[in-house]
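Below you'll find the structures, each written out as structure tokens.
After this come two complexes, each holding subunit A, first together with subunit B and then together with subunit C.
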Partner chain A sequence: MKIVVLVKQIPDPEARVAVGADGGPAALQVEDRWCTSFFDEVALEAALGLRQRHGGEVVAVTAGGGKAVDALRRALAFGADRVAQLDDPALAGADGLGVAAALAAFVRREPPDLVLAGRQALDDEAGVVGPAVAERLDWPHAADAVALEADPAARRIRVERTVDGGREVLELPLPALITAQKGLATPRVPQVTGVMKAMRAKIDRLDLAALGLSPADVAPRTAVLGYRPPPSRKPVRMIEADFPENVRTLAALLCDEAKVLG
Partner chain B sequence: MTGAIWVVVERAGNGARRVSLEALGRAAALGGEPTAVLLGADAAAAAPALAPYAKRVLAVEHPALADAATTAQARVLAELARARAPRAILAGATAWGRDLLARLAARLSAGYVPDAVELSAGADGALEAVRPVLGGRAYARLAFRGDGPRLVALRPNAGPVPAPGAPGAIERVAADAGAAALPPRVVERRPAPGGPVDLSEADAIVAAGRGVRGPEGFAVAEQLAAALGGAVGASRAAVDAGWRDHAAQVGKSGRTVSPRLYVALGISGAVHHRMGMDTARTVVVINQDPNAPFFRHADYGLVGDLFQLVPALAEEIRRRRGR
Partner chain C sequence: MDFRFSEEQEFFRNQVRDAVDRLVRPRIAEIDRRAEFPRDLWDEFAKLGYFGLRHPAAHGGLDADTVTSMIFFEELARGSCGFFMAVTAQMLMGTYFVGRFGSPAIRQRVLEPAIRGEKIGAICFTESQSGSDLAGVRTTATRDGDGWVLHGTKEWITNGPICDFATVLATTDPRAGLKGLSFFLVERDTPGFSRGQKIEKLGARGSVTGEVVLDHVRVPAENLLGEPGQGARYLTDILNQVRVMTGLAACSIADEALRDAREYAKRREAFGKPISEYQLIREKFGRCWARREAARTLLYRVAWMIDAGLECQREAMAAKWVATEMCLEAVDEATRIYAGNGFTPEYPAERFFRDARFLLSGGGTHEVLLDYLGRTYLRQ
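Moving on to the complex of A and B:
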């Protein structure tokens, strides 16, 4: 099986975040700490598992410049066979749909049996790119997979996924796109030798022209007007009374002050 | 500003999920014509239940449009949207709604804001949406660019359910048969191990962590959730320890929830957990460690043995709610 995995380098979810006073589009300040999005690592690990079982090739791809390339080095350290960076000035301002257009163009050039991606990136938590790539390719997709059973000879794959209230098993013909939920695979801790080799690897870069796209194809359809800090909570009210009075007090506050027992 | 605002309705039994009704209320508040779009084999049969919340109900009847068939649903909706040019298309920011709108946005090349907590119209009628980013540590305000309908997935519990009014007109719409039988195909459905979990629309969530000491400890969370008419969630520690299915996990690598009441039992309150529940309206933290960081992010805090406190609290709440 040939598998393309979509990966993204994001600000570390525990990096410090501040919102500047002017509240404009440049007001978001994020500490300079980065990592590969967790669900993308789950997808990558699942791809490597499928390669081990069925043979084939795992290709990791990311869109963007700067730190984006580190997600590809991480993919190589995990054991990906090849990587590609889609890097173009026009992609710097792209939204999820623009990124999906570029990634779909890359997938079309390959083309693989399966595309795996994280269910959503942990920075914008949009969950747009996976399904949007599938739509651009006119492929079916299944989101939030927790188990996969591929049958490459019969050109189909069975996906167990989480849905609101339970689990669902879907069957899709290949090629298809699947997004990874926690539990699909446990991302490995790459070995130092792999990391060192990945640091030295030459990364293939493709611009929009190489993908057969123009800047208009990735033009953003949304624009950030500004940022504000999240609403702040009042200071906590600690209930100091002894049992069982403390429980009665809490229930009374929930009922009469917070009005959440209605 | 006029123009239809469509709400793609998520079905729940014979009715609609509450978030779909919230979205119809939002559509009316924006001054648009709220239009409920129903998909599926029995769309017309379900339409009367939606009519009091909408000016118009579009019932798109086709057996291939049910359930997980987002490929077919996006195709049919795109055709319909091209023909009728609504001002906006909304859905609930549930697993299904977000899957569908992402595909529809790509098909229409239309601007899409997933998981919005606010949606408003400027003086010129242009829509703006606000959504949390970076685990809720900043809120981004977004405008739309380009042509086509504006697509927005609204986070559940971000607005009221409107009062029913005079029923809107029901219109049956023929679906393009070419979309029939597109994959994926549903093979099987089953509840999550450990019982069904549906956190996305729950009014109240009782989440438990390491402090409940084992899978059996979740019994007190179940008890309180039952008294509140809510659902049970779990911290990453509890899920990683195998005490609960990960469908129940709240936080960075789990679910993002937005209930009216969130009760955390024996959860320390690490950043990765709070990222999943910071938009809850009221937060109660019960922990035996008075120094648990979660207390600093709560509305009410209670220190003590949760195996003593929680059953008593459940009893007290049952008494107050008269059940």
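Moving on to the complex of A and C:
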């Protein structure tokens, strides 16, 4: 079973984020700390589980330059067989649909039995790329999988998703694209042998021409106009009084000021 | 000249940080409170394979260079200081001489399980009358037929109370001072070998430290590691690494203490504004950050010198001293920023303060290091 996993390097969720004063499209200031998006790691771990059961190959791919390569090294450290970096100046300004166009072109070149992706990247949380790749390929797609059971011989895969009150069980023909929800698999802490192999690996880079695309194919159709910081929180008020006066004061504040108690 | 880490080294650092964040950091406070060796964490961490980082591939290791290893040590020290001490005692000193001089049979019996974390190692230099002054070692190793008999008591041994094997420094020629010192491997089940109780410590409480007693312990000839009388010389081959490793632990503890204090200073208000807005508080962060940057740059330069095969004994001593003194200052300032809250285990500042003290004596006391640096400088 050949599986392509879509991965993305994102700012570490603990990185400090601030919005510059002008609030323009370049106003987002993010600390230089990076990691692979959590749901992509879940997808990768699930792919490695499927490879263990059914044999085959796991190929990780990312779209982007610079630090994006670390998501691929991380995938190699996990145990991916091959990786590819789609790196082109035109991709730097691409939106979700543009990135999906490039990834879909890569998938067509391979082509795998299954594509796995995270349900959303933890930075922009758009959740666009996975379904858009499926749409570009005209493949069936299931989102937010929490369990997978593949039958490569019958060319089918069973998917479980969490829905209100229980689980929905779907069956899709292969090839298909499935996005991973938390619970599908637990990402491993990679062993140092894998880490060092990944450190030394030469990463294949493909530009748009190699994918048979032009910059127009990935041109953004959405424009970021600007960023606004979240509204500042009111300062913390400490209630200095002793019990039970402190409880009375708190209850009064919750009723009269915060209006969360009647 | 290029001071940047390579893309690959940055990647390696991030992977180690991820492992420490996920496995070690959630347990820092618990490990400190229990003051016991966290064997389950040790086993879990050992499975990742890092214990073989410094050993040659031919011995089952990963042949990592010094800079890469130091990146590992620096990141590991961001977790529990005690766990860091236990791991580094295994990875550097506890197994180094076994790997370098052990016979194939010894490597198979001792080193390979140690790299897998199944056996715990210790290095035994220190005695009641001998620490930085190695010439004061009184443990003796006497020839006995085709073997050696070791007799003496070692103190302040990291991993001592739990070790499965120990690399013991003993004198094979008491009249020769430093030139009479030799290393021996002693395994736990050897008659006469016993492990003492752990010592209650101020900091680094996730590592256990205690006595190792050698009561006329007979070991075969192959347990002599290297040539007799060469122990002190062999030691200098690894002490530079130990000093850089200790200095980087100091940088990590300082960094963690300062980051934590920074967030507290932004939250804590006095006289109507956060204390981070007062110049005297800002000066503390500015001074400590600058000294940390200076220390860290010097430490990695020494790591690079080790890899380049350059003589760097004095530089390693200087870097260890600069970094540890910087750390002591940073953790002190952190507790001052916390004021009363720096005096209670409710906040981590007091733990950083305690842990930092443990770095003072490892790799030589500062009095001994500075005396040597001054003496050699005056000789020039």
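Points worth noting:
In the analysis below, the second predicted complex is superposed on the first by the 230 of 262 C-alpha atoms of A that agree within 3 Å, B and C clash if a C-alpha of one lies under 4 Å from a C-alpha of the other, contacts with A are read in each partner's own complex, and residues count from 1 in each chain.
As a convention for this text, a residue touches a chain if its C-beta (ideal position, glycine included) is under 8 Å from a C-beta of that chain, and two chains touch if they have at least 3 such contacts.
Note that the structure is predicted; figures quoted are calculated from it, not measured.
Once the two complexes are laid over each other on the shared chain, residue contacts for A:Gly118 go to neither subunit B nor subunit C. Once chain A of one complex is fitted onto chain A of the other, the partner contacts of A:Gly79 are absent, as it touches neither subunit B nor subunit C. Using the contact criterion defined above for the overlaid structures, shared-chain residue A:Leu225 touches subunit B, although it does not reach subunit C.
Touch criterion met: A:Glu168 reaches subunit B, while subunit C stays clear of it. Counting the residues of subunit A touched by each of subunit B and subunit C gives the higher count for B.
Contacts of A:Gly127 after superposition: subunit B is touched, whereas subunit C is not reached.
Legend: residue contacts after superposition of the two complexes on their common chain; A:Val69 is shown touching subunit C, with no touch to subunit B. When both complexes are aligned on chain A by C-alpha atoms, no subunit A residue touches subunit B in the first and subunit C in the second.
Across the interface of their complex, subunit C is touched by residues 34-35, 69-70, 73-74, 77, 189-193, 195-196, 198-200, 235 of subunit A. Residue ranges on subunit A touching subunit B, taken from their complex, read 11, 13-14, 17, 19, 28, 30, 38-39, 95-97, 100, 122-128, 130-136, 140-144, 146, 158-159, 162-173, 176, 181-183, 219-230, 233-234, 236-239, 243-244, 246-248, 250-251, 253-255, 258, 260-261.
For subunit C in complex with subunit A, the residues that touch the partner chain are 7-12, 14-16, 18-19, 22-23, 47-50, 52-53, 62, 64, 269. Per the touch definition, subunit B reaches subunit A in the complex via residues 68, 70-71, 74, 94-96, 98-99, 102-107, 109-115, 128, 132-146, 182-192, 196-201, 204, 228, 246-247, 249, 252-254, 256, 260-261, 271-272, 275, 278-279, 281-285, 295-304, 308-309, 312-313, 316-317, 320-321.
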